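First chain A sits with chain B, and in the next complex the same chain sits with chain C.
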Partner chain A sequence: MTTDRFLRRSGLLSVAVFVYAVLLVPIVVIILTSFTPRPFPTIPTRGISFEWYLALLENSQLIGALGVSLVIAAFTSVTSGTLGTITAFGFVRSDIPYKETLSTLMLLPLMISPVITGLALVRFAGQLRIGSGFVAVVLGHTVLTLPYVFLIVRAELVTFDRELESASRILGAGPVESVFNITLPVISPAVISSMLIAFVVSFGEFTATQFLVSSGTTTVPVIIYTMTRSGLNPQISALSTVLIGVMFVAALVSGLVNR
Partner chain B sequence: MLEVRNLTKNYGDLVAVDDLSFEVDEGDFVTLLGPSGCGKSTTLHSIAGLVDPTNGQILLHGDDITDTPPNERNIGMAFQHNALFPHMTAVENIEYGLKMHGYSQKDVDDRVDELLELVQMSEHGDHKPGELSGGQQQRISLARAVAYEPDLLLLDEPLTGLDRVLREEMRREIKRIQDEVGVTTLYVTHDQEEALSLSDKIVVLWNGMKQQEGSADELYESPINEFVAEFVGKSSKFTGEVVSVADRVVDTSAGEMYLDGSMSFEEGQEIALYVRPEHVEVSPSSVEGKNVFTGRARQVTNLGSYAEVIVELANGMTVLAETESFPSIQNGDDVYIQFDPEDVIAL
Partner chain C sequence: MIVKNLPIPKRLSTRMTSRTLVVIGLGWLGVFFIVPLLMLAMTSLNLDGGAVWENYAVALSGVYISAIVRSFYYGLVTTAISLILAYALAYYIVFYSENERFMLGLVILPFWVAYIIRYLGIQLFFSPNGPFVDVFGSNMGLLFSTEGVIIGLTSALLPFAILPIYNSLKSIDQELINASYTLGAGSYRTLVSIIFPLSLSGVVAAAIIEFILATGSFLGPALLGGPGNTMIANIIATTFRAGFNIELASAIAIIYTVILTTVLVTFNSVVNIGEVLSDL
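Up next, the complex of A and B:
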């Protein structure tokens, strides 16, 4: 029996459709409301309009925030990707005591509420005299996204065939050379896709970010939240749609890389 | 050329290799043969520099290389699962070792063409390992291992992942490539057929210890202990008590058995006797000579040019025989078997 028929017969198909609907309908509604010709975020019934997107383009504060978000996400994915990969190597390749406990600690940022992480980071950044702003946000996002990179790269390294490194050594390469020539290229799809996930998480992070931004480094999610306090308008939907679009593309690329 | 002296490797309490010594002469094809877990792979990995021996020395051309890192040993190796780099094409895989050994780009190109031809893979240079069949991958793996003209080629059960037909084809290929390249080769396998057909010399390992070392013929005809007799080649085993040293008679549960040659046993000693199947004559009618037993043909297997017959003796023991006159013997027939005293291996 094919998976397809199995799903239909067992009634699981309807469950699957329901789950997807719950996941996707709110997102689709946001996207639809961004095309409304009316000044309220309603689903357009009489024609569509791009006026809210044009308004976005003219709003330098929003465009600035989009730029800031992209730059922060890019920096975060690089720092998180680098640190997470090195950490994963350390955990997989060395015999450190209490390895399991320590690797659970690595996942703490996933388990602790981002509000608490955000508060802790503000305190920490103050101590380091970084204050709020770009460096603080990248630092905070690195903390929050490190577990994703760590988990994905570690899983890849565990299944990596060490015999490839042995082969490289015998063929005349040194130990570090072998890691750069063989190991990293072989695991690179996992590293890149983990970095894209870090990018997406950083790009959409709000809870901890709001504690860390300064006036010049406001990110898109923080702007959206601020805008909603003065009432809902379709421009928020338009901005959200842009946000969704960026994240969707990143996820798509991640999927392609990992194929 | 290669000399392994008192090699020992412990993993905690487990002794993987136990005081192993052997030599490989220039240009020879030597096989380490033994069941899985006998220490043959650990030995090979120690020679490659991938495992640190607990004790002992490894000498290559007289130089102690025991502590030399693997990349400075100038050794080539083909792995059990071929270990081709999945992100590189066949050509790039072969180039890797050449580049690491400092060949110029022109020399690399010339050599790669030569090697692809040697392993008959000229058509497949641009393919990635994932696009090649198991046999083709192993060919590239061999080409990669001999590319930079290593002093010694190590082969770690390279045929294990292949099916039977391909295994036989690749076995011949390995021999041909080794002959053409002329590289000294150390081969590791658990397959006695591979060992017997490929090697100038075989070192039989068991429990990390060397059991016997010699040519295929020596191991087959004069095994020095029961393990080697049973592991190398097929045979039927009898156990019995020495009745007379002068007459060379052993009393087994199947009846009295006559041996030949000098007896280094004492009367009353329990010994094991082995007879190779090609030395056992099966006949539907009575036969002359010593060591004649009666029994019933239990299983006749036609193997083309000859047949394997399993004969059940009166006491329930089974004896394996090979015969070329099998059409006259059917399952269930009463048969006579006979073997010459000189063909009995006594241990």
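Up next, the complex of A and C:
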């Protein structure tokens, strides 16, 4: 029985290692190839080089796009965080007909392919005379990230103890004041976490974004995609590693906030 | 910090009911998502001249219909492979791992990294200068091919399959498993008759999410497929961006969405999609 369990355990362990490899090797390969001293993206075996990172610094178009991406992601996380929290509040606290169906509607942007969302929005922005560019991208990213904020904040509000709010009301605070002083601080880790997710999703989104950017307002993922079309080089890896860095910082902050 | 005496007019504060908040959220999504989608549907019907169903006739023929069929085929294969891998890993994490938190953390980690970067990582892995070719001498046709796309989709979407299965395995009452052993069932019998049936909700959830995301993928085939591996998303993008034919692109998008919705509604009678996504 114990040998049987040992065999099964080691069999499962090797499958687990394989699955982890499938999950993580792509990220590891990107990071390693960014340090290669050779002119094509190989895993460095003899010595590492930072020349591809230095090359990034000299590329003013890239630095510009990085700034644009960060600003778009920041705007998205604020609009999506606000709207998603408001909507989650409404859904948890009210008795409306067809509540389940309507909340599934809030999740629709996760189910529709982002290509279709992008196409629909670029058409819409054109007819509203917004055109492509900054506003269109932020609108698109807000649509795409809204479901995440909604899901996370709703889950948090469902478990929130409403007695705390009642206590605040009994002590003389108004309903809105109670929400701002009691409820929001209690659920804030979830809200912050969901906003960080919105930030990261916006920061890395390509599929819908490719329709919405203008030549003056390009984001980093769009540049990465364009670069891959003209052949692989270590500079793409370096740029991707910078993005991975930003995303990991967001993940880390989210982890710390929710401890 | 205490917020006090907010300058909110009495009239507004009595009107700001929870229902108003729902209206704000749904209204916003309606204006910036539902309306644009409906306008796309109208565009596909050639309302400003031309035969109404013309774009649909084109979209259901030639390269377009094959891309549509291919997408659902790739979606099915990816879902099947992902379910097997995800189940094995989730099972290992729940029943065998020493440090569950850490193991789960490694699954969630790729969630934070953009798709485009992870697909690119796979392309680099199989590229002529990449580690796979270094070891095996060639990439064995695993790049810019059907296999490449399937590997890419599986790798990129796997966390979406692991998490719901993990949650369902985690919520199984350990007493039931102990009872099965006490009554004389072996570990295989326990897995088949107790654990698997009880985790089925997670498996179905994983399958639905995988299928939706895989069939609608743009970057998978764009970065890892060859010219013969284009899927619906790529065809839509090319038709619009290179062919400037938004009417046809819209028709393909509508056909795809209708087929996918039909599949999902059929499933929705078995499981609630809203609950499935809330599981994440």
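What we mean here is this: the second predicted complex is superposed on the first by the 243 of 259 C-alpha atoms of A that agree within 3 Å, B and C clash if a C-alpha of one lies under 4 Å from a C-alpha of the other, contacts with A are read in each partner's own complex, and residues count from 1 in each chain.
Going forward, a residue touches a chain if its C-beta (ideal position, glycine included) is under 8 Å from a C-beta of that chain, and two chains touch if they have at least 3 such contacts.
Note that this is a predicted model, so its numbers are computed, not measured.
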Chain B and chain C placed together on chain A: clash or fit? fit
* Asked: Thinking of the overlay built on chain A, is A:D161 touched by chain B (first), by chain C (second), by both, or by neither?
  -> first
- Message: Just checking: does A:G174 make contact with chain B only, chain C only, both, or neither of them? Give me first, second, both or neither.
- Response: both
Message = Contacts for A:V186 in the overlay, against chain B (first) and chain C (second): which applies, first, second, both or neither?
response = first
Task = Please work out whether A:V71 is in contact with chain B alone, chain C alone, both, or neither, and reply first, second, both or neither.
result = neither
Check: chain B-chain A-chain C angle from CA centres, nearest 10 degrees, reads 90
Key: Touching partner for A:R93 - first (chain B), second (chain C), both, neither   = second
Of chain B and chain C, the partner touching more residues of chain A is C
**Prompt:** Does the superposition put A:L102 against chain B (first), chain C (second), both, or neither?
**Reply:** second
Min C-alpha distance, chain B to chain C, superposed, in Å, is 8
In chain A, both chain B and chain C touch residues 174, 181
The residues of chain B that touch chain A in their complex are 48-50, 69-71, 73, 75-77, 79, 81, 83-87, 96-97, 100-101, 144, 148
Counting only contacts in the complex, chain A reaches chain B at residues 161, 163-164, 166-174, 181-182, 185-186
Residue positions on chain A within touch of chain C in the complex are 4-5, 8-9, 12-13, 15-16, 18-20, 22-30, 33, 38, 40-43, 83-84, 86-87, 89-94, 96, 100, 102-117, 119-121, 123-124, 127, 139, 142-143, 146-147, 150-151, 154-155, 174-177, 180-181, 200, 203-207, 210-211, 221, 224-225, 228, 232, 236-237, 240, 243-244, 247-248, 250-251
Contacts from chain C onto chain A in the complex sit at residues 2-6, 8, 13, 16-26, 28-29, 32-37, 39-40, 43, 85-86, 88-89, 91-93, 96-97, 106-107, 109-110, 112-125, 127, 129-131, 134, 154-155, 158-159, 162, 187, 212, 215-219, 222-223, 232-233, 236-237, 240-241, 246, 249-250, 253, 256-257, 260, 264, 272-274, 277-278, 280
